[in-house]
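In the two complexes that follow, subunit A is the common piece, with subunit B as its partner first and subunit C second.
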Partner chain A sequence: MKVTTDRFRQTALEELANARTQKFLQILPLRLSARRQEAYGSFSDPEAAHRLGQAIRGEALARLPELLETFERNALANGAKIFWAADSQAANRYIADLARSKGARYVTKGKSMITEELGLNDHLAQCGISAWETDLGEFIAQLLEKPPFHIVGPAINIPVEQIRDIFLEKGVLDQPTLDPVTLGRAARRFLRDKFRDLQMGITGVNIAVAETGTVINVENEGNIRFNKSAPKTLVCVMSLEKVVPTLADALHQLRVLCRSATGQAAGAYISLDSGPKKADETDGPEELHIVILDNGRSAIYQNRHTREALRCIRCGACLNACPVYGKVGGYPYGWAYSGPMGQVLTPALRGLAETGDLIRACTLCHRCKTICPAGIDHPGLLLHYRNKDVQADPLLQGRGADPRERLAHRLFALAGSRYTYWRIFSKVLSRAARLFGKGAMLRGLGPLGRGWFLSRDLPAPAKKSFHERWRQRKD
Partner chain B sequence: MPRASLFIPCIVDLVLPGIGESTAALVRHVGHTPVYHREQTCCGLMAFNSGFRDEARTLARHFIQVFEDDATIVSPSGSCVNMVKNRYPELFADEPDWQRRALELAPRVFELSQFLVDHAGVIDLGAHRHATVAYHESCSTLNGLGVSAQPKALLGAVRGTTLVPFKGADVCCGFGGTFANAFPEISTALVAQKVGYFLESGAELLVMCDPGCLLNIQGYLHRHHPGKTAMHLADYLAGGLPGNPGRRP
Partner chain C sequence: MVLNAREEILARLKSAPPASVAGRPELPPAREMALDAGQLAARFEEQLAAQGGIAMHAADETALLAKLEEILRQESVSRAMAATDAVLAPLALESWGQQVGIEIVTPSAFSDRDGYTRAVFDQVQAGITGADFAVAESGTLVLVHDELQPRLVSLAPLVHIAVVPRARIVPTYEAAILSLFDGRRPSQVTLITGPSMTADIQATPFKGMHGPQKLFVLLLG
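Our next item is the complex of A and B:
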């Protein structure tokens, strides 16, 4: 997929002006937030369940290297094959080579953010192998070549007319219709046909269980189960932070994941796969390949701050809570992960050089942190990234501060470091205030604060600061 | 009378000094002697939020030196209090001595409504003020300090004041410090939404505990809805105290 994280501003402006986007943003995040809250109410102690989920992620990260080794050992014992992919090129090459060796002309896919991260579909296409997304929303987004609008509703903002047109164009639909059921049925028939003669299916992984070597997927459409059971060869791609210690941990994480993502106590389909088809079993894949992707994560892991980003379980609850996402939607974030989730993951995975706007497009309201079932301190991480960017941190490819901005902060800090300097600064401001009337509201300051004055006035500095008023008070 | 040290945010000192005076009046009203250290400057929040931690540390060290001998420190700004209480310890992660001083200071710093209700133990200030008001939950006050019940209890106890339900009360107003200037269109969409809910609420005044949100919301109201007013909690409450009825609009 095309990466456009450096176009955050432009895309955000386009989306602010897009009536359809705005309409959906009035509905979707609020509804999902409400559903999440209601679903949490079904826990006997919601707060304790929330904290347990966070603790599981904390332990999983603290023990990550050991858990990955245990997972590998148990998955191999189950008969799975493990491929450790250092980066996306290695993962893509492995998957494409495998497809070729199986004589697959096409593959099917379950919705997975990690294969978006890999740019797998594009790579397979270059190798002459078609990749079909089989989640309905992802299928539509794929045909339209659009990134996901929302992690649980990738194409929810697409008008039905556009779906009809693209389905007709791509041969999914024979007769034009705007009936959603007919459109859904057409997509189902089209994709069922792909499953029938399938050589290789590809899915992501929601959770990997170290103690049993199991990979778990959650979904609502049944397409992932098809992907996992129809082909002879199944590839499950996981980022290395997905592993948790025990099956009990995984089950609790599923409880908070499903509630946080869609407000369900459990997704309609939850698949737990421990190895390929056994000798005495009638169905399932003959080969199970688990690709464990690093792609910069072990470097992130070395730093105790950035490591926190790896807690993420991709539920998307933070998108629904975020005021900025609620105004601009998923496209401006420019990659596989949007909203606060993207703002903590993308800079860590792709570096700060192309994510300077992402780390600053946040009011630090802390709502994401408050609801995050994985215990991520998103604002804390963004503040960390901003600092690393200003410092031109080599690991995160910080760009260094804008010289004028740095000078302004240096001078302000100098003024604030001594009483006498601060009084001079204060005097200069109150002198400036004399240029304006009493209690004046400024409508602009020439080249300064153009963004602010786009829609707001600003009080002029006070003629007498609090400091002076206090000194001259009579009581 | 016990002393309470006034921590006056730089915005209040230089731009909105009336809020500082109202804070002093309220502190005095609940039986404390307000003291003001003239050496105080700025807590360093803006530098910290912009990534300039060296500059933030310069300001934070100055702040700690000015305030660390005080038993009780009170400020009319949720975000500045949040900076001192919750960010200073992290800011000095690599300087154990300063970190210890920051951690010792933190529990003695109170946001104004927190000071009045939790520290001084006063909910009913004996204030009178006839108005229908809505309360905006400033993000740092609500999510940073966990302060929400206190300001609403204070408002609810003012004679003649009706506190109305406010849709989206806890959704950000779009200020975010430099965010408002750096991403003006997104920020504007958020403040317009906040003001829209305010107009729907039927309240005459929108009250809040943070001067940052106040600059944003009042600045937008002044431009687009000149008849409507946003006000700091300190000004609202102090204006209703005996002797100075409705001192400022």
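Our next item is the complex of A and C:
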């Protein structure tokens, strides 16, 4: 997957002008938010349930190293194999070597953001192994080489004509049709052939349970269950923050995850795997490999601010709440994670060098923070990133402030330091505003501050300042 | 190399400044805890229906088999695969199938895994299973997969029929699942809430994306 976080602005402008995108954005986030709200009503105390979910994630992070060791011990006792991957390369190499050693010509994948983060499909392709996405939305997005539009509906915005054409081109469909259900059935048949003869399946992990060494996946289609049941080798890739202390914690987190993601009390299928199949069992993997991925997470864990991004459970509720996502959709975020989730995760994982627009595409309205079942303070974290960016923080690869912006701030500080300076400054500014302003709003100052005014305006300053009017008062 | 990555990752995590563990809010008991057996069954059905599953009642084994035959005929099933778990074994579905003229095969009839896989993917139109629990809070079936309950029987065929004795209906996940992990580790436990579904093309919802298009739950007793 191509990373296009540095093209946020251009992609956002394209998407703002895309009528189809706008149509979906007017419906999808609102509908999902309403469903979530309704689903939370089934809790005996929705607010307490929300806070318990947040507390579980908080405790999971606070106890992370200990929980990972416990998880590893129990998963090994269950008969799973554990591979600790320092980065994408290590994880990709391990998975490709495994596929090769099993003689797999192709693998299938359950929907997982983590393998998108790894760029696993591209790596496997380079090794001569095809990787098939099996979630319908991901399958379409993969064929069209598009990033996910929404975490819950990765290709929900794609016109049926485009799906028909790509399905015909790739041999998924025989007869042209524009019926979504017929298109879905064609994908079912195509992928069913892959599942039947599958050597190795790959899934992500929604929750890992320390006390039992169990990995849990949530889905609606059944493709993850096929990946976990049909082949003799199964690889589950988990980012290291997925672990929670107990099975009871996992059950509660499942409740908030399903409600937050799709407004369901439960996804159609939730599978809990503790080790490979037992010798006398008919199906299921003979080998279960669990890849624990770091990829920069242990580094951001050092900082108590950036660590907070690791609370995320990938439900997508923040996308539906976000006024910016609600206008631009998922593509501008340029990587596996979109919306506020992406705005806190992507800079933490990829640094600030190419994510400067991501951390600023936020009005600090706090809706994501309020709705987040994991307890992330997105706006606080974005302010932290902005600070690290202008400070040129080496760990996060901050770019440093623009010299012109720094100069503007210096001059502004100087102007505010003495009354006489301030009077001159406000006089000049108000003249300039009258010169460039049109009507009641100020939308630019000629050559000055073009970037600032690109997405902002100001009420035009009054002709006379308060102080001038005070001096001229008649009483 | 492999060992190093593990040690390095854990060492970095351990060297991070410690964070305190905040207290957890008290949750009032789930609403389902206050329901009697009849209300629990009603709640289960209502939640299952919300996800597109169909619940039916059968007072005894005879009524159950009649319902089963009705469903299989209605869905034009000529061949079905049945698990041999503790709920289904006493029903002797293979011989029952011979009497009513619907072929019922069991996973153990296949000498190797490949034969079983081909059959469950391509040669049967329905999968029949018992269930270890039915959870009222979300209308969810709990299946513990073991040698008597293979995974694909409830997944690969287009119709899934599950038989659940009413005594197995419990209020919450905790009541069903925590005991399953008490001193043992089932290789896989699956929670099933409705048929396979998607809305990934143009937000058009439909059932049977990869797994069953229809889920019938026969409540026995």
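Here is the rule we use: the second predicted complex is superposed on the first by the 415 of 475 C-alpha atoms of A that agree within 3 Å, B and C clash if a C-alpha of one lies under 4 Å from a C-alpha of the other, contacts with A are read in each partner's own complex, and residues count from 1 in each chain.
Keep this in mind: contacts are C-beta pairs under 8 Å (C-beta built on N, C-alpha and C of every residue); 3 or more make two chains touch, one makes a residue touch a chain.
All values derive from a computational prediction rather than experimental measurement.
S.K.: If you tally the residues of subunit A touched by each partner, is the higher count for subunit B or for subunit C?
M.R.: The larger set of subunit A residues in touch belongs to C.
S.K.: Which of the two partners, first being subunit B and second being subunit C, lies in contact with A:A19: first, second, both, or neither?
M.R.: In the superposition, A:A19 touches no partner, neither subunit B nor subunit C.
S.K.: Does subunit B (first) or subunit C (second) touch A:D283, or do both, or does neither?
M.R.: In the superposition, A:D283 contacts subunit C only.
S.K.: Touch check for A:A299: first (subunit B), second (subunit C), both, or neither?
M.R.: In the superposed model, A:A299 contacts subunit C only, not subunit B.
S.K.: Could you look at A:L68 and tell me whether it touches subunit B, subunit C, both or neither (first, second, both, neither)?
M.R.: second
S.K.: Which partner chains sit in contact with A:V181 here, subunit B, subunit C, both or neither? Use first/second/both/neither.
M.R.: Second partner only, subunit C.
S.K.: List the residues on subunit C that touch subunit A in their complex, please.
M.R.: Subunit C residues touching subunit A: 2, 5-6, 8-10, 12-31, 47, 50-51, 107-108, 113, 116-118, 121-122, 137-140, 145-147, 150-152, 155-156, 173-174, 177-178, 181, 185-204, 206, 208-212.
S.K.: Mind listing the subunit A positions that touch subunit C in their complex?
M.R.: 24, 27-28, 42-45, 48-49, 51-52, 55-56, 58-59, 61-65, 68-69, 78, 83-86, 90, 134-137, 140, 153-156, 158-160, 163, 180-181, 183-184, 187-188, 191-192, 195-196, 212-214, 220-223, 225-226, 228-230, 240, 247-248, 251, 254-255, 264-278, 280-284, 292, 294, 298-299, 301-302, 304, 307
S.K.: For the complex, give me every residue of subunit B touching subunit A.
M.R.: Where subunit B meets subunit A, its residues are 8, 10, 12-17, 20-21, 24, 36, 38-39, 41-42, 44, 46-56, 58-59, 61-62, 90, 139-140, 143-144, 170-172, 174-192, 215-216, 218-220, 222-224.
S.K.: Flag every residue of subunit A that touches subunit B in the complex, lowest number first.
M.R.: Within the complex, subunit A touches subunit B at residues 9, 12-13, 16, 323-324, 326-328, 360-367, 369-370, 380, 383, 385-391, 401, 405-406, 409-410, 412-419, 422, 426, 429-430, 441, 443, 449-452, 454-462, 464-467, 469-471.
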